[in-house]
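Should a chain be cited, it is by its letter among A, B, C and D, assigned in written order, with residues numbered from 1 in that chain.
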Amino acid sequence: MPSIDMEGVRTLGRELSNWGRWGDDDQRGTLNLITPDRVSAAAATVRRGVTFGLAVPADGTGPYSAPGSGRFNPIHTMTRYRGDDPRGELSDFRSSEDMVILGTHSSTHVDALSHLWYDDLLYNGYHHDTAVTAWGAERCSIQNLSAGVVSRGVLLDIPRRLGVDHLEPGTEIGPAGLDAAFDAAGLRPRPGDVLLLRTGTYPRHRRGADVGLARSPGLTWECARWIRDHEIAAVCADNFAVEVLGANAGGPMIPFHMLAIRDMGLLLGELFDFEALAEDCAADGVHECMFVASPLNIPGGVGSPLNPVAIK
Amino acid sequence: MPSIDMEGVRTLGRELSNWGRWGDDDQRGTLNLITPDRVSAAAATVRRGVTFGLAVPADGTGPYSAPGSGRFNPIHTMTRYRGDDPRGELSDFRSSEDMVILGTHSSTHVDALSHLWYDDLLYNGYHHDTAVTAWGAERCSIQNLSAGVVSRGVLLDIPRRLGVDHLEPGTEIGPAGLDAAFDAAGLRPRPGDVLLLRTGTYPRHRRGADVGLARSPGLTWECARWIRDHEIAAVCADNFAVEVLGANAGGPMIPFHMLAIRDMGLLLGELFDFEALAEDCAADGVHECMFVASPLNIPGGVGSPLNPVAIK
Amino acid sequence: MPSIDMEGVRTLGRELSNWGRWGDDDQRGTLNLITPDRVSAAAATVRRGVTFGLAVPADGTGPYSAPGSGRFNPIHTMTRYRGDDPRGELSDFRSSEDMVILGTHSSTHVDALSHLWYDDLLYNGYHHDTAVTAWGAERCSIQNLSAGVVSRGVLLDIPRRLGVDHLEPGTEIGPAGLDAAFDAAGLRPRPGDVLLLRTGTYPRHRRGADVGLARSPGLTWECARWIRDHEIAAVCADNFAVEVLGANAGGPMIPFHMLAIRDMGLLLGELFDFEALAEDCAADGVHECMFVASPLNIPGGVGSPLNPVAIK
Amino acid sequence: MPSIDMEGVRTLGRELSNWGRWGDDDQRGTLNLITPDRVSAAAATVRRGVTFGLAVPADGTGPYSAPGSGRFNPIHTMTRYRGDDPRGELSDFRSSEDMVILGTHSSTHVDALSHLWYDDLLYNGYHHDTAVTAWGAERCSIQNLSAGVVSRGVLLDIPRRLGVDHLEPGTEIGPAGLDAAFDAAGLRPRPGDVLLLRTGTYPRHRRGADVGLARSPGLTWECARWIRDHEIAAVCADNFAVEVLGANAGGPMIPFHMLAIRDMGLLLGELFDFEALAEDCAADGVHECMFVASPLNIPGGVGSPLNPVAIK
């Protein structure tokens, strides 16, 4: 892909902007594209009654064990497991308890629109001084998704179309790649669609492969316009940042994120696992599903771990 | 309700037992009742394309602030909110990060079948010494729900049928109450159904009311047979323990739990919020929905916070 | 005490300032007053060989259970307690494990000099934009105390001198009160001293009393000059904020903090428990001790839980 | 060293046992050896007034990043760093806040006597069923150290005596090595002493060296008798488990731990950093110090992070 510099991001961001499109107070961005008829149409795609969880296990094999990354892998600890009753508080039953400590972006997750911005302004023009504080996101928090994200999901199985197991580090998926993936799926993009972008990256990381995190394959920044033109509501991927990493020499590190989250108000999901779903889609030839993603209801949250479900 | 003693629980437990019904290795219990045709039928209930999140906010107003309860309220903290870049690691964008610390049973949640048992044996006869250890649940963990729980949900709005805002502490809902609630909803129970039991309790707690936690209204232990007979897959409630508390003088504290989780392998969900869904059901007269609950994918977890969604 | 407004704080702050006194790069403030001879002199106060821990138990009875306070009480959970060995990793021994989740200011603690400031500048003129970031305190972190704080401690048992069990909410301790407490102790202040200010407040809170947190008794802002004049190195107290709360109508909420931490670089400790030490001092008439406080070695920390020790 | 099997541990354990020595209710073990005169004598060793913190930084470079170890490295996060005041709760000052999540054995720490045992019984004969439960250690918790551990510390700088920078993996230190180290230090062991055992291991791990964790150099099990004979109160080391690892082929993995903690009631500390102290001792030829270790006051804790201080 051609490089894009900061000024290029600003110019393209203005062109693709959804600021004000759904009102000056809007905090939901492209979720507004998922109208009730889109929800109903998604439900109508269910035929066989099979479901697929799209989350990787939230455990210590995540990508954030390195010191200094500022993130850490999920921690799960049992706090009671034998129901011992030394203080006589229980009676006849025994029970177990546990807890989790989770960075909201450290396992399968979606980003709130308050997660990323530039030039001091978030999506829809909210200033970061008052929108994202120590008390949490006052604007564009994950609670804007608290009724769930329900729409048609379309699996774009890029490596399978190319006849490979997974995409190599640095592989760029541009607008033409998205068109080709839809063609291969026998589908046309529809407003409100959720793209489920399979690269094969993160499940391989979990199996111990060195997947070249810093050069993760993914979308080019040019896909932002394609996504805007096709009125896509969300993109979820099985890589680290949806977009290709390490490919924009001389410009911002993650230009697609900047355009997508801040200018377009696009929902992004990362660290997904599409392996089982992809097998199923390859087997029955149906690449659309009812997609249901329901983040935790975290006041002020700027992201959330979750386990999205694909229903076919 | 009549009291039931420990021996009574054992006898009734044997009668209602689902042990072995789905194989000696089964760890999913009544989720087996949700066959693919039940999933498809659930999707077919979607008409208007509206969605309702059923989780309360995971915040510090939960029920577990008292010292010594062994649980604690959800903790959410921002770990970055201004995107400051003192070390030059970022470039042109700014971002925010946060984390959550969650007891898996301290906000809206579902119980894994490894959460509760008696007489040293869990559901399907697994011995607690090897099934629930410091390393997590080796059997019946929450990962058995990792493909999501998708079925028909039926809102049983008990207080509204009775013409009250909420049920008083100690109010018992027995089998006849369940029948009456289905009648009022104009529906018949079907195998695989998820009961959404509204009492009005927990949302009132969150609004600051003293709801009498120790005498929370809910199901009587007699409902266990009703639920077994009607092949119900799950019961989710907006109270603390699904069942009525403080009502079984002289016997086990929570006999319904013991029968439901351990003998029947029934999925239970607690601390739900049905207020908005109930308003909608009262308005359109439709009390069934597509219910999608997707716990976090926690290896060895004995429960999970989540945000279930009702789709109508 | 007379009120002080923001402009008064600024003026007095300049007068009492220790900025530059120990070099432009100094991050230790009044700890510089604890010279090696002060350490040796502190050791020389040890006569009977008795020790007192000054920390309250780090448990759920702390002061921060209320939602929205932005702090939370200490959490301690066992993560292994029976040494079960389901996976064959252990051999002949059994062991237990646990973990703690601690706000660094939520139980007995000391403040790093990066904990509080005004007008955008920290102690010694460091600008908050670069000194205190999402990655931690780059200046004035708790690591500046990582060799331990060892000096003479002087117990100022204010209520006992007044013949009462504890000070009532709102009680102000001014410079004359400090003089009187030293007189009652039969001691003279020396450079490098650590004041151990007993009010009786926090231990009562832990015993269930309503101690009027918002009007906690303590030092007046006028004590800042007294402390500067006498070259005191640190003040540790058994209340919530060292200083009296709710007493500076119309001015800043905690003017002593602003002067002490930001302008003077004074070490403050809070939520201490002096009950046992005070009994001992009353019994033997010796109110000085060797004081050893050793915060956790937390890179970038802005405070630390700890268990200071008084040795007599 | 010769191997020791489980029966050998039991036999030697009975011989070295301190059970009942300080009463049937004792929970402090060898801390009883630190009598007031030992505390005073420790204070009398202070000459130059210099202090050394012995804790490594509690950060993400600890030894527990590997998935499945059941431990995790310390987590420190800022929760407020700019004092933003969007809700008007603050007035004129700005402040910062942070928190830590710490496994009690995952950085520099001491073990409570409830941390390890065998044959179902802890130190002094407490049964593990009632002594160590989900609610914490009911016996032998870390709170038994809450008045601090203050005694003479003796640095045993094993590698320096041998003319090397650090001990190689697998290096065994036996009773003769302890005698030689005392001789080299020009000191004789005294009752109540705290041994500060330098191997050079953990500081090297933190500098990125592969130190062969599974074969960490350290004490042989034969040192247990030496320690018993010399009435040592505690052993703290800069390796992973005080004792040599991987050296007892065919027998228990950590026989010294079993004898020391369970039979003798000996205080152990691990993951210390003696580098700066060792430089100082080499320079002035004085290898004794006043040692002050003060664990956090954690009710029911089975260990504690801390920052011990050596004062010379």
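Here is the rule we use: contacts are C-beta pairs under 8 Å (C-beta built on N, C-alpha and C of every residue); 3 or more make two chains touch, one makes a residue touch a chain.
These figures come from a predicted structure and were not determined experimentally.
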Copy pair chain A, chain B: interface residue numbering same or different (half cut): same
Separation of chain A from chain C, taking each centre as the mean of its C-alpha atoms, in whole Å: 45
CA centroid of chain C to CA centroid of chain D, Å: 27
For chain C, residues contacting two or more additional chains: 59, 70, 78-82, 84, 97, 99, 101, 133-135
Arrangement of touching chains [line / ring / star / complete / other]: complete
For the chain D and chain A complex, residues of the former touching the latter: 59-61, 65-68, 72-73, 75, 79-84, 86-87, 97, 101, 129-130, 133-135, 138
Touch list for chain C against partner chain A, complex: 70, 77-82, 84, 99, 101, 134-135
Chain C residues within the chain D interface of the complex: 6, 9, 35-41, 43-44, 46-53, 55-59, 70-71, 74, 76, 78-83, 90-105, 107-108, 114-118, 120, 128, 132-137, 143, 146-148, 150, 252-254, 257-258, 290, 292, 294-303, 305-309, 311
